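Below you'll find a set of structures to go through.
In what comes next, chain A is part of two complexes: it sits with chain B in the first one and with chain C in the second one.
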Partner chain A sequence: MIEILLILLAPVAGGLLYGFERVVRARMQNRQGPPLLQPFYDMMKLIDKQTLIVNPTHALLGVMHFVALWAVVAFTIMGGNLLYIVFLHLLASLFLVLAAFSVKSIFSHLGANRELLSMIAYEPILVMFAVAFYMLNGSFSIDAVRANPSALGSLLFLFLAFLFVVQLKLKKSPFDAAKAHQEIVGGAEVEFSGLFFEFVYMALWLEYVFVYLLLMLFAGDNILLGGILFCVAFLLVNLVDNATARVRMEHLIKIFLGIAVSLAALNLLGLAYV
Partner chain B sequence: MFRKFRKKSPWILHYNAGSCNGCDIEILACISPKYDLERFGVINTGNPKQSDIFLVTGPVTFRSRERLVELYTQMPEPKVVVAVGSCTCTGGVFRDMYNVEDGIDRYIPVDVYVPGCAASPELIIDGVVKALEVLEKKTKAMEKPRKLFSEATTKEGIVDRRECAQKVGEADAKDTE
Partner chain C sequence: MLTQILILSPLLFAFAVLFAGVRLRNILTVVFVVFLAGVSLVHLLFINEPLRYDLPHELHTLFFFFDALLLLFFLYVGIAKKDPLVASLAASQIVLYAAVKFVNGAVGSSDFLIDNTSLMMYLIVNIVGGIIVIYSLKYIESEEFSRLKKNGFIAVLFFFLGVMNFLVGTNNIEIFFLLFELTTLCSYILIGYRKDTISTQNALRALWMNQIGGVAILAALLLALVSYKTLSFDLLIANIDTAYLFPIVFLLLAAFVKGAAIPFEKWLLGAMVAPTPVSAILHSATMVKIAPFLVLKLSPAMSGFLSEAVMLFGTFVFFAASLLALSKNYFKEILGLSTIALLSFMMALAAIGTQEAILAASILMVFHALSKALLFLQLGILEKEFHLKYVNDIESLMSYSPLVVFFIVFGFASLTLPPFGVFIGKFMAFESFAAGIQESPVFLAALLFSALGSVFLTILYFKVLTKVFVRDMGLGDSKRKEIACTYKITSWALSVLLGVGIVWSLAQRLFGMWEILIPVLLIGVVPLLLYVFVLQNAQRVKEYNCGEKEEVVLNMYYLHTPSAVQKTILILSLVFLGSLFVGVAL
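And now, the complex of A and B:
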């Protein structure tokens, strides 16, 4: 029962988290920042605005991106199969890429290409993330992860690699080349407007919920540790976002495949042989 | 139901129609910690399809005309145009030059004029806040068909946009309507 409630409230929680993050980021820059409920004001405005539809497929795929991500969050909360969730999340991201390729805008295509490249960068880490928990618990089930004590000690390198993924999935600098706010005007989401941009916008909130839920799996059954991990990661992500400049796409891939994937693979080797 | 949220989330599209960059730097200064335009919920989106306020700088060079109109038409309603700087309002020091159109209101309807060379951040913020009021009025006007049938102010047969628009820093004659 409480799970269903959590699933229904997931976008709201994500929106609050996003609003809080904007305030935190502003305070880090010594600014006042927008009100906490700003994402919801944006949402209301976007619903109200005129919607320009480029083609029906494009609009529909944007909605499917949101729905699929919600399903991913739902399965994560219910405690489903970790590997299944990782691939379903990949599918959700692919909907957005397909949407971006369905229009003729050059920025949209550029963003979609970068989105695909970033998938090449982070997807191995997410798969290894699932495999590592399988090696520890003998099952891909998230319930099993949540039932066992925290494995942070033996998954430390993987945790570090996962922080890279958090940074990329939340479209934070230095790994925000796929979105690249002013450079390619939002990338894959450039052609969405009004109500349909609303869905893509809310999908970002769900992305927040999803990524931080995965992060809290490192804490196992220790809810307090989960909270600490979340707070530390949240502050660290925003600090790095404020302090660094965007890296180019090829550098992003090099950093991910060079450092983050190595860390994760090293952790897997350690789990297997040590 | 959503009416009161309209002016709480203005997203800005900034376009440089051949400006000397003076006003652009002042616009960036508005987003900086000292003036912090984001506290009104403003985001500098750079994407016409997702923005509400069109901030234009520059006296409109021949090359930028088409882009200006294109960007304007790509923005979904309701939208507000703010002309930032003397050049954008009237042509400024470039008025009557061979490669320059005198101000953006020859091409698109302007709602708020922000004077100054370069316009100071305080004045730009004032203009944006004014634009929020206009935005709210426009959304209300969109719901009523009255606007369609009202008489436009014309001078010698030409619709005078400058008369229709509101000006920053002056008494609001239109508010008394």
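And now, the complex of A and C:
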């Protein structure tokens, strides 16, 4: 019962998290920042706008992106199969790419191309993330992860690698080339407007919920540790976002396939043989 | 009895259709295909334990005669077409075969051994292959050939099915060699069917490459005779000595050649000059499926080094072929490389040899056959009805034929998405790799190759899909064109079989109901919502494009693979193959 409530509230939670993040980031820069509920004010305004679409496929795939991500979050909350969730998440991300390619807009295509390249970068890490828990628990079940004590000690390298993924999935500097507002004006989402932009916007909130839920799996059954991990990661992600400059796409791939994948692979080897 | 029917009746059918008129030929073909499909189903339902048969001695003499004739024919082709590779490989096969005949005193086992893998292959060959044969009735009609030559095309396809039916049931390596060479002959005839320069050239390439497989089988046969005193798969596998695995390695080499694994991928890619049903039947129901079938058969004899090396090689080819496919724009080439990738993946799984990995490989074999057949049929339709060959050109297909778009989307979805068999196979594959890491770090490398490879493949499939979804609004429905009835029926048949696969995967209880249903709902909801929203007619605007006014032509993405990368892939694959032999020698 509580799970269903959580699933229904997931987009709201994501919105609050997103709003809170904007406040935190502003304070780090000595700014006042927007009010906490700013994402919801934006939502009201976007819904109120006249519905303009480029083509129906484009608009619908944007909605699909949101719905599929919601399903991913739902499976994560229900404690489903981790590897399945990773693959479903890939599908959800691909819907947005599919949408971006369905319009004749350079910036949209550029963004979608970068989106695809970043999938190549982070997907192996997510798969290894799932495999690591399989090696510890003998199954891909998230319920099993949540029932066992924290394995953070033996998954330290993987945790570091996962932080890279958090930074990339939340479109934070230095790994935000896929969105890069100043450069390709939002990339994959540039052609969305009004209600349909709201769906893509809310999909990003769900992405927040999803990556932080995965992050808290490192804490196992220890809820307090989960909270600490979340807070530390949250602050770290925003600190790094404020302190670093964007890297180019090819560097991003090199950093991920070079450093992050190596870290995760080393961790798996360590799990098996140390 | 049923096995004999499956082997002999296609040969009779081939003769029957050869001399019939067009109408009679079409009717006969449909009847024959339904018959074959029925027999293979009955076979599956009524046989529960492995069956063994023996063939009379006179037949063996006949086979020897056929073998000699076939090798001499290859030699003749090599000399007549002035192709030194074909000729020299044929000559070396003749020498090796003579040597095999010279060494005697083998302990015999039964000539036929029908196990579960064979039964599964019967289904693939006869049902998927049969559907393609029916499809080619329509396809071949619009080609400019004489009636006899068209009938010959159908006849060769039937003959091919018969050979395949024989091949998957045989337990005798010598007979296996004959059939292996016969499939090479079939592919040579079919690839060179158009008789133009490029077809002839590619057919010859397929001939010499596949003959490497023949040489490898003969080498395996000779070594098995000398050191294990047997000609039979089952005795060889049962008595295998881990210190002397050379016969197995040579058989594996034959499998890699047939499966077009990377140093040998050129013959399958060259095969796309042939009429599209040929590609369809080579890629899905026959020929290349021999590769995973053979590795599955040999997997009990593989352990330790050999099993891990083949797994690493297979997943590496999976990764490399997917990467290469990303740089292609020609539709057939994209499908071809994805076949190569998935076949190697199946071989890697079969080599692991655990119960789960073998199940995963079998699932992949069945569903890959269905999906690839469906996609190749659509390719043929695109060519014949709309004259489209390149991914970049299929942009306005939605306005021409939504049905073909549906089949293409369905075909690609069935290769990637959760409720379908291929996804389940891949999922179980990852589980197998994950379970193996504790045994050996090689599994981690295999896991990484597979993870990257499957992301590449997914991106590749979506590349085609994105193009299909683009809808040119100026066109409207005026250009809509009905596709031929035969095309429709065959495509629907394959789609329904894929749908049955979903029901089957529900029954396997690998995933919960929601995990199966949600993706189906997601995919099913799209067209519905599309319909609703088109009706609503929200106001349309041109792309914002940041106010850029310049007209641009946007092509599909591709990942450029520099020639240095291609060379590295080739060298690495050769190193992997070489290390198989070196490793076994040590």
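Note that the second predicted complex is superposed on the first by the 274 of 274 C-alpha atoms of A that agree within 3 Å, B and C clash if a C-alpha of one lies under 4 Å from a C-alpha of the other, contacts with A are read in each partner's own complex, and residues count from 1 in each chain.
Keep this in mind: contacts are C-beta pairs under 8 Å (C-beta built on N, C-alpha and C of every residue); 3 or more make two chains touch, one makes a residue touch a chain.
Note that this is a predicted model, so its numbers are computed, not measured.
Touch criterion met: A:L52 reaches chain B and chain C at once. Of the two partner chains placed around the shared chain by superposition, chain C is the only one that A:V261 touches, whereas chain B remains out of contact. In the superposition on chain A, A:L229 makes contact with neither chain B nor chain C. Here chain B and chain C are compared by how many residues of chain A each touches, and C touches more.
By the touch criterion stated above, A:L168 is placed in contact with neither chain B nor chain C. By the touch criterion stated above, A:E191 is placed in contact with chain B and with chain C alike.
Contacts of A:I7 after superposition: neither chain B nor chain C is touched.
When the two complexes are overlaid on their common chain A, residue A:L155 makes contact with neither chain B nor chain C. By the touch criterion stated above, A:M44 is placed in contact with chain B alone, chain C being left untouched.
The interface of chain A with chain B overlaps its interface with chain C at residues 50-52, 185, 190-191, 193.
Partner chain A is touched in their complex by these residues of chain C: 416-418, 423, 427, 430-431, 433-435, 437-438, 441, 444, 447-448, 451-452, 455-456, 458-459, 462, 465-467, 469-471, 473, 511-512, 514-515, 518-519, 522, 525-526, 529-530, 533-534, 538-546, 548, 552, 554, 556-557. The part of chain A that touches chain B in the complex is made up of residues 22, 26, 29-35, 38, 40-42, 44-52, 181-182, 185-186, 190-194, 197. Here chain A touches chain C in the complex through residues 50-57, 59-61, 63-64, 67-68, 71, 75, 80-81, 83-84, 87-88, 90-91, 94, 97-98, 101-109, 112-113, 116, 119-120, 123-124, 127-128, 130-131, 134-135, 140, 185, 190-191, 193, 261, 265, 268-269, 271-273, going by the rule given at the top.
Across the complex, chain A is touched by residues 2-3, 5-6, 8-9, 11, 33, 36, 38-41, 44-47, 49-50, 52, 74, 76-78, 139 of chain B.
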